[in-house]
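Okay, so chain A shows up in both of these, paired with chain B first and chain C after.
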Partner chain A sequence: MKHRSIRQFTGVAVLASALMSSTALYAQDDVIHFGGLATLEGAFAEPGADGLRGMELAFEEFGWEIDGKEIEFTSASSDGTPDVALESARRLIEQDDVDILVGPLSGSEGIRLAQYAKEQTGTTFLNGGSAAVETTLVDPAENFYRFNTDGAQWTAPLGEYLVEERGWDNIVIVSEDYSFPYAQIFGFMATYCEAGGTVSDKFFVPVGNNDYSSVIAQLPQAGGDVDGMYVVLGGSDAVNFLTQYAQMGGDLPIVGGTNAVDQTVLAARGQARQLLPGVLASGPISDNDDSEAWTTFVEAYRDHFGEEGLPSPSVFAYNYYTSTKAALTALQKVGGDLSNDHADLREALDTLELESPTGTVTINENRQATAAIYINEIVEDEEGDLTTEPLMRVESVDQFLGLGEDAYMELGLPSRDNPSCPS
Partner chain B sequence: MTRRTLLWCAAGMGLIAYPLLVNNFWLVQIGGRTLGFGTIALSLVFLVAYGGMLSLAQMTVAGVAGYAVAYFTAPVAGVGLLLPWPLALLIALALATLAGLLIGLLAVRTLGIYTLMITLAIAMAFYFLTLQNYAIFNGYTGFSNVQPPVVAGVDFSRALPFYYLSLAIAAACYGAVRHITRTPFGLALQGVRDNPRRLRSLGYDVARVRVVAFAIAGLLAGLGGILNLWLNGSISPASVGINPVIDVLMAAVLGGFLHPIGAYVGALVFTVVDNFAINFIARERFNTLIGLVFLAVVLFSPDGITGLLRRGRIWLEEKVARLNRRRGRNAGSSSPMQSRQET
Partner chain C sequence: METLLDINWRLFAVVTLNGLTLASLYFIVASGFTLIFGLMRIINMAHGSIYLLGGYIGYEVGAATGNWLVALLVAGAVMALAGAALQIAIFGWMQGQDLRQALASIGISIVAADQMLAYWGGSTYQVDLPSYFSSFVSIPLAGGYSAARLLLIGLAVIVGVGLWVVLNRTRIGMLIRAGVDDRDMLEALGKNVPVIFVGVFAIGAGLAGMAGVVGGSVLSLSPGEDARYLLSSLIVVIVGGMGSIPGAAVGALLVAMAETYGLAYTPTYGVVYTFAIMVAVLAFRPQGLMGRAV
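Right after this comes the complex of A and B.
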């Protein structure tokens, strides 16, 4: 019996120590360890998987090594909530000892991780797809970089465009009720109201809502005093709303938030589809951009992932790719030197001018990206698929939407009621 | 009895010495989370094992305490009211107990699956309340940056103090449950579980006994909820949504309802599997692995891991006894029957 229990105990001890040190072997000098955090479960599982594809594409481009130092990649999942994102980030950093963390995917997770970054000064964080305004605006962390534009930057050019090019000056807004849509409305209204537009009403619906009849009943008819509506819904919410709106005979002209024209919505079948061609939206990428950088990126994505990937890289693949490439480019500049709490790497990142698939990206003193934004129109291609066609490319949209820091800070933080510009 | 005492001493020493052996991740994210989350699961095990009542609202009660602490110690954007932390904790625990009491009042006249349905409905109602109410719960965003207090120079947001705080609270809760089950109230509760009609004819107010049990479970869950809040540093509707609500049930079922320690065993296994499944399988499929592990436990040991351990021990003891008999030793002193009674 003694032998048996000793043997059992040894077995358990070996298993436990194997678990605890599962990755301690990697903590060597000739390895650079990357962590990737994305949502691989829940409503954002598909965008999360595409984000990690973007990361792998960047590693592939650099041949999985920097100056002879091998790149090790560990991924972790969140379900889109700050609690789980934090848990996974802690595992990557405190247990797996990653040097550089790329992630997370969604807004509230990003706000939480930027706080956590302050505790982990020995790790360099690069944002994944998360686009809440607060992440790099409110008390930003020294070691949290966002080489992606945020939700407000994505929509800022659209507001001005609508007033000046389309002559719209009175709209209603239908939006999901959380931080990312607030940021989208915030950016849109900042320039839209400035240019003389008014918003007569905002309708907020909970995420994952199925029945939009009460909202649709309150929407004004086309041809009245409203020019159109701004729909800031994503994924299944957008599909459900548009389907029900079409079924009830709604015919207001539509402009969309960035997620409303994502491939996950454009690929949907049914009545939602008939409302989509001609819809305007804005965002950091455009499917049909014909610049060389973008077409090369799309080619590489299709070559590498084939059937497994989406028909065209999503905004999440683009964002994760860009952040990972920023880290790799900076690492190459400093020869993979991570000593002294990444001092050299961070200096290189601070001054990096990154060539991304949509042109040059730079960051400001809050480590927030300045980059080009596209105004897109949804078009049907010859195969009957819906894609986004660039109407206009707006260069160098910065964190403060071109208003200057002081004027921008005076706007306050995005919320349900902020901003507001009723007629 | 001495062997049992020895075992407990060894377990206690092991838990106290645990920080010497591990890194911060294992200390806080596995250890701290097991103890806090386990305390919430303990409140459920208490209700099921001694009261025969299965509640899905324990995470909700924990959330009430968590939200209260956040509201009174970390106000954001005009929501909240800054109070000294001891007062905030007191209010939070009182609210959690009250929430448990109210849920008990609603659920107490139902049994079995109906209790489950009512408490699930309450849990979901609370989730949507937190999601849509901005005046108290701050809607979708909730509260972030909630730090544990610094008491007499000890900063409980640091890994080591937080672990010992969690350990102390978990040990106290565990001890309290063990103690309560031996009090007249605890015995009455077990009587209510086994035969409510007989208890009623003996003059007990069955409904009141059950409601008090819910209130006690509320207090336990509240303590666990506060630890959970401090571990995450934030609370939002997702912390009280359907997933965490089910997680509590899962941890309790994994551990088994035979013994209160099952709550912590279940929480430990749940946390480890939840954290490391992704290391062993393709990253798109790791939830399948988690599901299979849970399925295997429930399938092969319906009374959870503690049931498995108990059966293992009985089997071992029987084998030893048989071995002793065969060697012609004093076979009577450790017969299988006797050892079973000891447990």
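Right after this comes the complex of A and C.
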């Protein structure tokens, strides 16, 4: 017995030292070290994996080198909570010594990492997929860049569209209860209320709540006073809610938040699939966009990942790809020069006009992206896959939703009760 | 004012039915958990994994055969075998060492969660129900109510009555009850206790596997559901009394009712009530409502 445990201990020690030596190969001048942080465990595991696929695609495009300097890539996982994201980012920066960090994935993680960026002035941070409003709005960090649009930008065009194109002026909202959905509702209502719409009720439910029947019992079952329902739920929450709403006989028209039409929902198996075609939503990409930049990106994704990837790159693959490409493009401009705390790189990033798969992306003085947003409808293609079809493309949606900084700041920060209309 | 009153009663009736149906699902999962604990003192932390794996298997079988009942039975049978294998290959080696068994089962649940994630991915799955369950049943006060959810109540009654008959009216049940009361004495009487253990583990795991299919049909399956149902089972048996089947029924009812009424009337604090019940039970009746003092 004692014999065996000594042998086991030796095995573990050998393994541990092998692991440690593999991460000690840094700090060479001819290597640029990238870190990738995404959620590879828990409910967001699939989006996280797709985000890292996006990064890989960008590195492939640049042949894994900048001006003769090799690109080294280390990835780390979080579980969607700010604490774990911070811990993983610390490990990447303070132990693995990465130069450039791309991540994290989820809203509240991003807020935490943008704070941490202020302590790590020698590292350049580019946001991965996280889309909370506060990350680049409240006291933004000098070295934290977000080349993705945020949750409020994603939904702002939809509110106006519903009032003007569909003639809706009274809806109810069902939403998860945390920072990202608040941002989505905030953006949506900013233009929806401005255009004359009203929200008669909001229902907030805990994340990961499996059984929505008690909320559904309080919702209108069919049209009448209410034109439709805005559903800001993601992943399995969206699938559960939609199925149960149909099971209970509800048939209000539905518009979805960006996550409600994410590939993790569209790829779901079971009854929920039948309810999704026809649902409207808005976000930074559209699966069936026929622009050359987008189709090239989708082709590259499918060629490289084949069966292993999703049927179409998700919003997370797109966001991680865009951020990584921004870093690589800027690095190429300065010849991979990282001296003087990345001074040249940051100057290049500040003025970068990036050609992304959805068109030109620029950043403002808060280092927050201005980009195009799509209004999408879910359709079923010939092979039975669900995809998003663009109904409208809105150019250059900026951080302040086109309201101007002063008017936007007056709206306050997103919360359960803010905004509200009628107030 | 009168219409308002009507609406409130309808809501109350629907929420009550929701609570009952959720309680039914909790009961089916927790009854297996409590049975295993009652006889073997194993706190099987992999019970949630068995639930989720059973659900996934049910989905695969359902998609292949198109028959929901076959999916239910196959998932139950496969998980019963898996449960028996766990008892023979792992827990049997550490019989009587409660802490070791609990830790080993945590290890199994972690490995199982990642394996399932690797194989089925992070997408949400739903098992297709036969079409006659997607209709509505007219119920006084509540109006139309989903037949799929009422099915849960029916299944819970079948499981409850079935377990009661097996435990109280058969020879095997007698042996199990004797084992719960005094393991050593039963062994001294010449009964093959390890075989009984394997059998009980199989029944418990089979129930969890079938619950996975039922839960995956009425609700859904995704990574993380394993931990969710493990937690609910734990709370249910702590409230109801470890090892008691009627306790599991009472516990499931209390926990599910607190959850649904909480979500309907005070959405923000829905989660708190469940734990408040658990704290109250632990403070005033630590052995659980129907449990016997140890």
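The rule we apply is simple: the second predicted complex is superposed on the first by the 397 of 423 C-alpha atoms of A that agree within 3 Å, B and C clash if a C-alpha of one lies under 4 Å from a C-alpha of the other, contacts with A are read in each partner's own complex, and residues count from 1 in each chain.
Just so we're on the same page, a contact is a pair of C-beta atoms (placed from the backbone, for glycine too) under 8 Å apart; a residue touches a chain by one contact, two chains touch by 3 or more.
None of the values given here were measured: they were computed from a predicted structure.
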Taking the superposition on A as described, I'd like to know which of chain B and chain C A:F73 touches: first, second, both or neither.
neither
Chain B versus chain C as contact partner of A:G249, first or second or both or neither:
second
Which holds for A:E94: it touches chain B only (first), chain C only (second), both, or neither?
first
Could you say whether A:L86 touches chain B, chain C, both of them, or neither, answering first, second, both or neither?
first
Could you tell me if A:F62 is touching chain B, chain C, both of them or neither one (first, second, both, neither)?
neither
Looking at the overlay, does A:A217 come into contact with chain B only (first), chain C only (second), both, or neither?
second
First, second, both or neither for A:S236, with chain B first and chain C second:
second
If we overlay the two complexes on their shared chain A, which of chain B and chain C does A:F305 touch? Say first, second, both or neither.
neither
Across the two complexes, what residues of chain A are contacted by chain B and by chain C?
41, 49, 177, 206
Quick check on the complex: what are the chain A residues that touch chain B?
1, 19-20, 22, 40-41, 49, 52, 75-77, 79-84, 86-87, 90-91, 94-95, 108, 111-112, 115-116, 177-179, 206-207, 413, 415-416
Mind pulling up the chain B residues that touch chain A in the complex?
22-26, 28-29, 33, 77, 128, 131-132, 134, 139-141, 144-145, 232-234, 236, 238-239, 241, 243, 272, 275-276, 278-279, 283-284, 286-287, 316, 319-320, 323
Within the complex, chain C is touched by chain A residues 41-47, 49, 177, 203-206, 208-211, 213-215, 217-218, 235-236, 239-240, 243-244, 247-249, 264-265, 267-272
Using the touch rule from the top, collect the residues of chain C that touch chain A in their complex.
10-11, 14-15, 18, 21-22, 59, 63, 114, 117, 121-129, 134, 136, 144, 146, 148-149, 219-220, 222-225, 228, 259-261, 263-264, 267-268, 270-271
